[in-house]
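Next up: the structures, one after another.
The following pair of complexes shares a single chain, chain A, combined with chain B in the former and chain C in the latter.
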Partner chain A sequence: MADKIKLFVNGEEVEVEAGKNLIDAVGAVGIEIPHLCYHPALGADGNCRMCLVGIEDGRPPLVPACKTPAQEGMKVLLDAEHIKKIQHDVMEFELINHPIDCPVCDQAGECKLQDYYMSCDQKPSRMTVPQVTKNKKMDFGGGVIHDQERCVVCGRCVRFLRQITKTGELGIINRTDDARVNIFPGRPIDNRYGINVVDLCPVGAMTSSDFRFKQRVWFLKKASGVCHGCSKGCSITIDHNKEKNKDDIIYRFRPRFNGQVNGYFICDEGRLSYKSENENRLTAAFIGKVEREISDVLTAAKKELEMSKKAVFLISPDASLEQMVAVKALAAKLGATLSGYSDGYIKKGDGDDYLIQDDKAANRQGLLLLGIDTTKESFEKAVSEADLFVNFASDLSRSYEQDALTKLLTGKKTIVCATHESAFNGQATITIPVRSYSEYSGSVINCDNILQRFEKAVTKNNELLDICEVAAEFGCPLQTPAEAYAELQQVIGMLKEYQPATIPAEGLNLNDSEAANVTA
Partner chain B sequence: MEVRILSAKFDVKNSNQLKTALKHGAYENLDKLFAMQPAEVIEEVKKSGLRGRGGAGFPAGVKWGFLPKDTGKPVYLTVNSDESEPATFKDRYILVKDPHMLIEGIIICSYAIGSNDTYIYIRGEYTTQVKVLQEAIDEAYKAGYLGEKVAGHDYRVDVTVHRGAGAYVCGEETALLESIEGKKGQPRSKPPFPAVAGLYGCPTIINNVQSIASLPFIMKEGADAYKAYGTEKSPGTHLFGISGHVEKPGMYELPLGLPLLEVIDKVAGGVWKGRKLKGVIPGGSSTPVLLPEEAATTTLDYESMAEHKTMFGSGGIVVLDETVNIVELVQNLINFYHHESCGQCTPCREGLGWMKKITQKILKGEGSMADVDLLRELCDNIEMKTVCVLSAACTMPVRSYLDKFRHEFEAYVTENEPSVAEATEE
Partner chain C sequence: MSDRSQLISTGEPFEFDKKRDAEFERLIKRYPTRESMILPALWLTQEQEGWVSQEAIGYIADRIGTFAAKVYEAATFYTMYNLKPTGKYHICVCRTLSCWLRGKQEIVDYLRDEVGVTPGKKTEDGKFSLEEVECLGHCGTAPVVQINGEFYENMDVEQLKSLLATLE
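Up next is the complex of A and B:
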């Protein structure tokens, strides 16, 4: 990996990565240098002046750590009284014109001003003259609400829209303490990544119109997830909470840093896709159109499977690798044809050259790796020859009009395992509600062949079955998650070195492994 | 006391026109210049001891030496004509009275540093100056002193005039570069310094108008002739703008090193109306004030100013008579620097506004002793914590007024509580 260098922080020797600035270099070994304007994805700007440190080698008495490369033997002074005083002084300047409206601010609990007040300031205000007043509750478009008074004019949002999306909707107008972030008149934030400015904002100046006022952030439980919005599989944090007497629901997705997938950001569509995990979910089991106990429905389904002479299984391209191997093993045991047909998940031309992909399926690479056929011809041929069609959560409405599907399935028995309500469910002989991706743990492989593991985030009051459990009920040889994972290790050689819990947070790049190219 | 080196042609009618300028020796040095090696020119300027006339007083020849060699990138010369420091009015005379002296200086500097392209960044409010300068440049092009072959020699010099839009901070050299590049005028963090990565990322030398305009004399008469004026460490002459409470305010060219009070008395006619001297601002509004007893031992050179804990600055001398209300002066000063803060760095952006409001409060008679102390403390908390020195340009003089005239601030505070008599009068 990167070269290591040794330098001194407050007289103590630390070993850090070469080629980084002081904030990142010593930050990586747990020494925080306070900063507001610097962000590793946006580079150093040097305007907040919070990161001023002393270097004991005859340089100017103070240097911004964000603009100072870490160098061998450097003696960095952080805990000296005069450095601490600067941090306190800068905090005082940041706060004199700040409304200090934490009780009604969405950022409270994850606000750098709050954190640094506690760590660097902790003094009562000396502001006895009128504060600067600016505009509040400004709708910047794109789901972003701006409060100019809370803003510390660090310019992260401006730099994001200039450097990353290159759309440049925001600028800083005016000078002096009248400087403020604004849009150009009549030109709101209009790009597919705009809400990232809410995460980037170190204070409560940028809030999400979708999330604001819904939850205090300290109540939210956080789980490491993978966005299933497209085949990029961006790393996300799933913030969810189960309020008293209510169900566990998701309040927001936030990007989780992953250097080899999405960096620091996610697209707005993916970010807001948390809603479909909460809404329109299928929660009841049906035989025909009659709601029945899940145990009765499973018994009925097993009977159908036993009676069937020739069955076709369809697995969702969103399913986890574990679910795929389980369904595959079940199909092999029952002599059923397995298809991963899901052309409708691909929206040609929708992707861009950044994160968004044409393919809206989270684990198509998994289908390919496991050798599951995805062609339309084989799928339709198999269906036409079969008497039973079992759908493991694939959204056929993406590929077929209702009439075409009805025609395709005429005269067949159908068992549908579904996560969401759909007009198609009603036509099924048997309908089984199953968990969606925020409710189980598993692994998926993204479009760049990177395998990521995600945690189970949400536990519903009415816990549904996972597809693996349904497959097990149907007699799958892989009865437990451990058995499914062991099977995966047979297929993906790289996994042999890992247990589910030890797969690195940034995932495994299967391109690095020859085994990845071996199909089962 | 006055000398005529830079201002030699200032009294000549139509001295801005090429015909007149040529009669008085303009562009006479070019054959001599191109016969020399660039390094020899730099050596001569170093020898002359010419110091940057923008305010900081950095030796010009040494600055040129910071240019990296053989980068494969063009070298730019940028002439800082943003002259915006309150009380400073020297470059404007050169721009209007003798623009060809500046152009000749540009040619000399360009050849020395290996530059073919010069940008003159001129203060936006200088409408007459920009017009006269541009006319002179056009004349110089037409006569072949600028362009592909300077005066028939195989060297190209092109000059572009770039007008500012009224921001004081654009006189800061990196904000100036940002402004030329079409961006918001905000100073850059240094390093890298402009000599390494300046305009459009290329090596750039930025010199003040007066520094560049001093070069033709040095070329013609030699470094020793230049050093004959001034002191050992502050050689040469300077255009001093003397304003404020004097009988004869104006621009005077003087050798460096003269006693400050003598200049005020003999050159500018002394404090007006027979009043007593209260203080002297020695080099533009951002330089710390001198009390009369300090001024008595001060001479007009970089060293003496530093000894008196102030700065030579831009040569803009402001004389304050006994009637001056220091708190009002400070209010005026802070208003200016607050207004001109680019708003980039937190301490300057938020701090100067705070200082402004505290001073207002004191002036209104609503301040307390704690406010005076706070104002003084804020000077320390803001100064040198920012990318550029604009904040220091405010806090250094304000600190000097607070330290030297604290009783005037306290007078406002002690008058805080209106007396019973005043209260009943209303």
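Up next is the complex of A and C:
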């Protein structure tokens, strides 16, 4: 734990973490100091002047909180009249040339200008001269659309691209009231993290070309998720909504702060991977190519399992730990061989030294920890010896060409549990649609051995079965999620101290004590 | 201040001539970081071409090894860099506080009404161009006018009239 210090805010004593600036220190205990340009990932810039506070120790009457380290015994003034006046004055400056087009602005509802207008300003404009006009709807590339008139020139986007991605596509052009953010002509935003500037923008100047005009943000339901785009497992917020007479769909992923995993950001690819949760989903159950009721299909599948002499189960490296233990328990009961073969999920050379990983599987560490074999040799050997192949949502098309796959499975019965439509589904003896990761809760372990829990976000009109439920139908000894979790606690010692709901939001670092505790 | 963000493209690649190239290499040794070379490089460009084009900004950025947006920032921030070709005589009228209070507007109005040039524009014959610029550092002798780099202090309309008459 970090050291604690005591200081006074408006005369009241509060205990805060040492070594932080005032905004972060008192922000952590729920006292907000208004600020626009400061962001903890980008450091203090001090250009917006919104965070000016008083410190009663003989310094100048106003100091920027973003550049002031919290110190023991400090007396911070936030509610004095002169502080409120300066906040109001800064807001008035910010709004002189702001178009105030909130009704058509995507940021409305999560806009700092709106918030601070309500908390610090609430005065009509006194301006009688025409506003400075600038450019609107500028395509900066990389899925970012910019409105120069809404911009408060805090420079967060510019600093992000210089400090974090080190690509520096944006700059602040001109000076004084004509200052504006722009790209250099012909050099648009071109990096794999560019859309983060949309989240960073405290106002509606940066909008995502993918999300803009799709939803008012106050209609969106939020759930804590974990990105399944690669093995980094960035913490995300899943924003979804079920409009009247429509299905529950996801509108965007946003990064959710996790100091252990992704910090404040996610990559663009992961951010846009929400689309695959909405599109091309398998929703119907099939026997051969004929669509049937799910109950009939499950009965048929059970019959196949009973008739089979030797079965091979393949589990997806994206599956949750709960699903993995359930399928593992089922395989043990039925005497089937379990494989986690998924070399095709690894895209060599695609990763970088920041967040993106070569391995596109969300829970390969889970496979390894549960002792599930992932080698190609043993998988193919097992398949060649088996008469039934059951695929639990692993995307084989990543590892095999269609022809090679057909050849591998020739003469075998196949049961496929799939989240998405694919050519392979059509060839299966039995096809069962299952939920994808935004539709169940569970845990995954990322490439750095950090176990994270994610919530069920989406509830479809036509609720599919979860892999755990399918396994339970097939006779898995772990019939409920609670039983699966209890089994997990046996395998991962660290989990004994936690219930699913009490696993911390930033996850559990299994490196600390886990290696010795794994009993699988 | 006017919007200077609209750069002009020549459509031709830019590079320093031999003399500026050598000067660039000589100067860059002076500085702790290569980025310090942004302003001198913009000066060298202006010396060579008389103005700074979009291509020149891209060239400087690549030559220094920095972001083009950074050079773009500097070139648009400082009014001393001309972002379009100037007239034969480039008139800069200071618009900052002291000069504003001491009558820069009369000078600008005179140039508009009698000479036919407005800020950011050229006369039709290309003889004069005008820019309202930020502080020229001669506040004690405001208002100040700069013509092709020469300073003329304590200016008024009468003096400017006779000054312009001497220019060929």
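FYI, the second predicted complex is superposed on the first by the 515 of 520 C-alpha atoms of A that agree within 3 Å, B and C clash if a C-alpha of one lies under 4 Å from a C-alpha of the other, contacts with A are read in each partner's own complex, and residues count from 1 in each chain.
Just so we're on the same page, contacts are C-beta pairs under 8 Å (C-beta built on N, C-alpha and C of every residue); 3 or more make two chains touch, one makes a residue touch a chain.
Bear in mind the structure is a predicted one, so any value in this text is a computation, not a measurement.
Participant: Do chain B and chain C fit side by side on chain A after the overlay, or clash?
Facilitator: Overlaying the two structures gives a clash between chain B and chain C.
Participant: Of the partners chain B and chain C, which touch A:177 in the superposed model: first, second, both, neither?
Facilitator: A:177 contacts both chain B and chain C.
Participant: Just to be sure I read the superposition right, which of the two partners does A:223 touch: chain B = first, chain C = second, or both, or neither?
Facilitator: A:223 sits against neither chain B nor chain C.
Participant: Kindly classify A:168 by the partners it touches after superposition: chain B alone (first), chain C alone (second), both, or neither?
Facilitator: A:168 contacts chain C only, not chain B.
Participant: With both complexes overlaid on chain A, does A:185 touch chain B (first), chain C (second), both or neither?
Facilitator: second
Participant: Which partner, chain B or chain C, touches the larger number of chain A residues?
Facilitator: B
Participant: Applying the touch criterion given at the start, work out whether A:61 contacts chain B, chain C, both or neither, answering first, second, both or neither.
Facilitator: Only chain B; A:61 stays clear of chain C.
Participant: Of the listed segments of chain C (61-69, 115-123 or 133-141), which one clashes with chain B in the superposed model?
Facilitator: Among 61-69, 115-123 or 133-141, only one stretch of chain C overlaps chain B, namely 133-141.
Participant: Please report the chain A residues shared by its interface with chain B and its interface with chain C.
Facilitator: Common interface on chain A, chain B vs chain C: 172, 174-178.
Participant: Once bound in the complex, which stretches of chain A touch chain B?
Facilitator: Touch list, chain A to chain B: 44, 46-50, 52, 61-62, 64, 67, 86, 89-90, 92-94, 96-97, 126-130, 132, 152-153, 172, 174-179.
Participant: Going by the contact rule set out above, which residues of chain C touch chain A in the complex?
Facilitator: 1-5, 7, 9, 54, 57-58, 61, 66-73, 76-77, 134
Participant: Show me the residue ranges of chain A that touch chain C in the complex, using the header's touch definition.
Facilitator: Going by the criterion above, the answer is residues 134, 158, 162, 167-178, 180, 182-187.
Participant: Of all residues in chain B, which touch chain A in the complex?
Facilitator: 167, 184, 189, 338-347, 349-354, 357-358, 360-361, 371, 374, 381-382, 384-387
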